[in-house]
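Heads up, there are several structures right after this.
Two complexes, one shared chain (chain A), two partners (chain B, chain C).
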Partner chain A sequence: MGRTWLTVPRDWVASLGDIAKFAARDFYEIFGGRVFKFFGEALRQAGILILGSTLVIWSTTFILGLQCGIEGAYFDRSVGAPAYAGVFSAWCDLREIMPYAFGYMMAAKVGTGLVAEIGAMRISDEVDALEVMGISSMTFLCATRLLASWMVLPFMYLAAVGAGFFASYLAVVQQIGEVSSGGYFLIFWMFQNPPDLLYSLIKGMTMATFIVIVGAYYGYTASGGPVGVGTATAKSMVLNVVGVHLVGMLGTQIFWGSNPRAPIGG
Partner chain B sequence: MMILTGKTILSALRPPYPYGGEFVNQFLFALRLCWFPLLISTIAFGYGAPGLQAGNFLILFGAIDRLGGFFVLATIREFAPFVTAIILAGVAGTAITADLGARKIREELDALQVLGVDPVKNLVVPRFLALMIVTALFNIYALIFGIFGGVLATLTFKAPLGPFFSTLLTNASVTDLWGSVVKTTLFGAIIAIVSCYKGMTASGGAEGVGRAVNQGVVIAFLGIFAFNYVFTQTLLATHPEISVIK
Partner chain C sequence: MAEEYERTEEQGELEPEDQPTQVVDDDGSPEEQDEYQYHVGQQRDHGSEDAIEFIDVKKSFGRNTILNGLNLGIPDNMISMILGPSGTGKSVCIKHMVGLLYPDEGDVLVHGESVPNMADDDLFEMRKKFGVLFQDGALFGSMNLYDNVAFPLRQHTDKGEDEIAEIVNRRLKEVGLGGADDKMPNELSGGMRKRAGFARALVLDPQIVLFDEPDSGLDPVRTALLCELIKEIHDENGGCYVVITHDIMSARRVAEYIAILWKGRIVESGPAQELFNSDNQFVRQFLSGEAKGPLGME
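Right after this comes the complex of A and B.
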C-alpha cells in the first residue's frame, strides 16, 4: 500500500460499495431475526467487549475530559468569566469530545481487534470450515458481534460520559480551583439537557456501528497470509478514523447546526 | 519500550549514518498515506467542533467575529496537533507495525541480525526521525485546513470573513505555534517508538501481527492523550500571556 499518492482515496472508492453491501447484509441478518439462533454467541461477545474494552474507553474519555476542563478553565479566565467554565466543559464534553474520544478508542481497540480476530480466522480457513458445517459465517461472526455491540455500548457510552464529566470537574474545580464546586455545577447543568445527551448518544452509537461494520468487513475479506491480516488491520484503522470525524461533523450539523440549545438569548 | 527509545536515540546520534535512503522512503511513505485522511478529518473537525458549536454560542451574543480568536485556542493549541497525532498513529503507525510485524514473522529481522545489520539503526531510527518530522510538518498542514473548516463555518453563519481573520491573527502568538510544533514532534516520537516496538515484538503467526497492530494503536493513543494533557497544562501554566484575549 502507499505506492502512489492516490492509493488511499482510490481504495476507499473501490471498497465503498462492498462495505455498503456488507453492512446491508449485516443489518438483514439482525433485523431478519436470524442472528437470534446464535444469541448465546452474541452474549459471549458482549462479555468479551465488557471485560476487554470498557476500562480503556473509560480512561480515554477521562483523560480527554481533563483536557476539556483545563482548556475551558484557562479560556474562561482569559475572557474574565472564570465562573462560566462550566459552559465550556458542558459543551465540549457532552457534544464533541466524548463522542470523538469514544470513537477513537472504539476504532483502536474494538475495530482493529475485530479485524485481527476475524482476519486470523479467515486466513486459517476457519471461516470456510464454518460454512462447511452449515453455519452461516456471516451470521455467526459478523451479525453476532454487531448485536453484542448494540447491547453493550449504549450503557458503556453513558458511563464514559460520566467519566468525562467527573474528569472535567476534577480539572476545573479541584486542580485549577478557579470556581467553587456549587457554582461550577449550577452552570454546568444549566447548559445541557436530556435531549443533548440523547443526541450525543446517537452520535456515539453511529460511530460504533460504523466501526464494527468496517472492522468486520476488513477482517472477513482479509487475504494473503499473516502479512495480509496486519495490512487489513492497518487499512481498517485509516477508514475508521476518517469515518469517526465525518460522523462527528454530520452529527453536530444535524443536531446543533441551527439551534444551539442554550438557555440564553432568543 | 524505554530501552528501545534509548537505543534509538543513541544509534541515531552515533556514526555511521547509513539510514539516509530509508529515511527518505519512510518520509514519503507517511506523506503519501496520510495526506488525504488528514485533509478530510481536519476540515470535518474544524467545521464541526470549534466552528459550529463555538459559532452558535458566539452568535447568541452577536460576536461571531470572535470566532477567529477562538480558533487560536481550538485549532492551533489543541485540535490540529491532536487530530494530526490521531491520524498519524492510526494510519502511518499501524502501517509501520504491520510492516515490521510481517518482517518479524517471516524472520527477516533475524536474518538481518545474522548478516550483521543492526535492525534498530537501519529500521527503527529512520522511522523514528521520519515520523517526528512528518508529524510536525503535518501539524502545519492540519492547522491550515482546520482554519479552512472555521472559514466554512463562518460562511455557514453568513458572517463576513474579514473579522474572522483579523481576530485570528491578533490572537495568534509565536508561543502558540512553537508549542504546537514541539508537541507534535514529540507525538511523532511516541507513535514511532510504540509502533516499532510492537511490530518488532510481534509473535504468534497470523493473529499475532493483527494483535500487535491492535495493541500498538491502543497504546499509542493512550500515550498521546496522556502526554497531551501534561504538555498543555504545562504550557498554559508557564506562559500565562498566551491565553490573554486581545
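Right after this comes the complex of A and C.
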C-alpha cells in the first residue's frame, strides 16, 4: 500500500528531474552556439509562431483587458472613486492578467502544439531519421524552437500588453465613461513605471520558456503510438498550467511582494 | 573476424542463464532441451571484409532480453539480409548499428570503430556514412518530397540549389518518383513513401544503407519491384546494404548474404545460397516457411 501511494509523487519528482536535465541540455545547445548551425530552422519556427499564435494571444489579452477595465470601473464607482479606474487597468493588466493570459494561451496553443508535432515525429521515426542523418534532433527540434520563442515572444508579449491596455481604455473611458481620457491616464501612469513593464515581461518570458521546454520534453520523449502522444499532450498541459501559476505567484512575490511600487499611503 | 564467430565449439561453455532447462515432452518423460540448440552461430566465409560487427552484444528492455550475446559480421559490398521471426530483435540490431541504441554489454563496430564508445560529435560524423530506410519511410511531414530528399544535402554539404536540384531529381527519378517532387508525404501511398525514403537515404552516397522491413505493408508485386530497385541501385553504387525482413521471397530475390536471428542470437549466417541449402532444422524451416519445425507460435 505504501509503495502505491508513493509511486505517483516519486514519478513526479523523477519527471521534474528529467525535465530539468532536458532544459539544461536545451540551454547548452543554445548558449554553446550549436543551435546556430540550424538558424534557418529557428527563423522558420519564429515565422510559424508569429503567423500561428500572434492573433490568438492578442485577442485573448484584448478581451481580458476589456474585462479588467469594466470590473475596475464598476468597483471604483461602488467605493465612490470612479476616477481611479486606471489603477485597476495599470495593475490588473500589467502585473497579473497579461502574464496569465499569455501563459494560458502559450500553454494551450504553443505548448500542446509542440508536444503534438514533436511527439508525432517521434512515433513515426522522423526523430530517428534526423539522428541517422547525422543531425542532432535535440538541437534541430528543441533548441531551435526555444531560440525562436526567445526571438519572437518578447515583442509579441509587449504588443499583447498594449492590446490589453487599449481594451481597458476602451472599456473605462469609451464604454462606461465615468472618467475623462486625461483623468484616466493620469492615474493609469501614476500607478506604473518602466520597471513594472520589465518585471511583467520577465514573468511572461519565464512562463513562455517553461512552456516551450515542457512541450518539447513531452513531445521528444513521447512513446506508445498516437495514444502516447495524446497522453503526453494532456500531461504537458497540466504541468504547464501549474507552472504558469507558480511563475506568476513567484514573480508577484519577488517583484511586488514587499514593495507595491505605487503611490499608496502618501 | 569470421573465426571469432565459430561458436559451434562453444556450445558446451554456456553461461548460467543459458543452461539447458528441464522440459516434459508429450509422453511425460523429462528431456533436456537447450534453448539455443539450433544456434550453431556459424559464420560461413563470405570472402569480404566486415563493414559492421556485433561482438557479444546483449540488450534488454526491462525484463525483456532482446539481444542475448549476439555475434555477427555484416560483409562490405554485399546486400545482406538479417532474417528472423517477428519480435526477435532485428530492428534493435539496426538501431545499434547507427548508435540509436547502445548495448548493455558487448560492442558494435562500424568499419572497425566502436559505436558505443564514440563521442557525440564523432557519432554524428559516423552516421553520415549511413543511409537508413525506415519502415514507413519516416519522411518529414512538414516538407514536400523534394525538400525531404534535399534535406541531407542542405544540411551537410555546401552545394548550391542548382546542384542539389540535379541530385534530388536524379534520385527521385531512380526510384520512380520523378514527377512527384511537390507532393506532401500524406499524399503518397505506402510504397511511394518507402521509395521516397530510399531516395533520401541514398542522396549523400552513403557507404552503408540500412533497410528496416522495406516490404512491410506492401503487396507482393510492389515488394518484388522494390527488391529489384534495391538490387539495381546496389549494382550501380555498391556499398554495404543491410535489409531487415522476415519475408523469405525478398531474401531469395536480393540477398547475397543472410544471417538468421532468433532469440537474440544468430542461428547461422553465410552466403545466401549456402544458407538456403543448410542442414540446420531451424534454418530449413524458416527459409522454407514451413509450419512444422523448431519454430512454433510461442
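The working rule: the second predicted complex is superposed on the first by the 252 of 266 C-alpha atoms of A that agree within 3 Å, B and C clash if a C-alpha of one lies under 4 Å from a C-alpha of the other, contacts with A are read in each partner's own complex, and residues count from 1 in each chain.
Heads up, the rule we're going with is that a residue touches a chain if its C-beta (ideal position, glycine included) is under 8 Å from a C-beta of that chain, and two chains touch if they have at least 3 such contacts.
Computed from a predicted model, the values in this text were never measured in an experiment.
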Partner chain in contact with A:Ser136 - chain B first, chain C second, else both or neither: second
Partner chain(s) touched by A:Ser124 [first = chain B, second = chain C, both, neither]: both
Partner chain in contact with A:Ala107 - chain B first, chain C second, else both or neither: first
Which of chain B and chain C A:Ala116 touches, first, second, both or neither: first
Chain B or chain C, by number of chain A residues touched: B
Contacts on chain A seen with chain B and repeated with chain C across the two complexes: 120, 124
Interfacial residue positions of chain A with respect to chain C in the complex: 120-121, 124-126, 128-129, 131-136
Interfacial residue positions of chain B with respect to chain A in the complex: 29, 32-33, 35-37, 40-41, 44-45, 47-49, 52-53, 56-57, 59-61, 70, 73, 77-78, 83, 86-87, 90-91, 94-95, 97-99, 101-102, 105-106, 156, 205-214, 217-218, 221-222, 225-226, 228-229, 232-233, 236, 243-245
Residue ranges of chain C in contact with chain A within the complex: 95, 98, 100, 120, 124-128, 130, 132, 134-136, 138-141, 151-152, 155-156
Of all residues in chain A, those that touch chain B in their complex: 1-9, 56, 59-60, 63-64, 66-67, 70-71, 74-75, 77-79, 87, 91, 95-97, 100, 104-105, 107-109, 112-113, 115-117, 119-120, 123-124, 225-227, 229-234, 237-238, 240-242, 245-246, 248-253, 256-257, 260, 262, 264-265
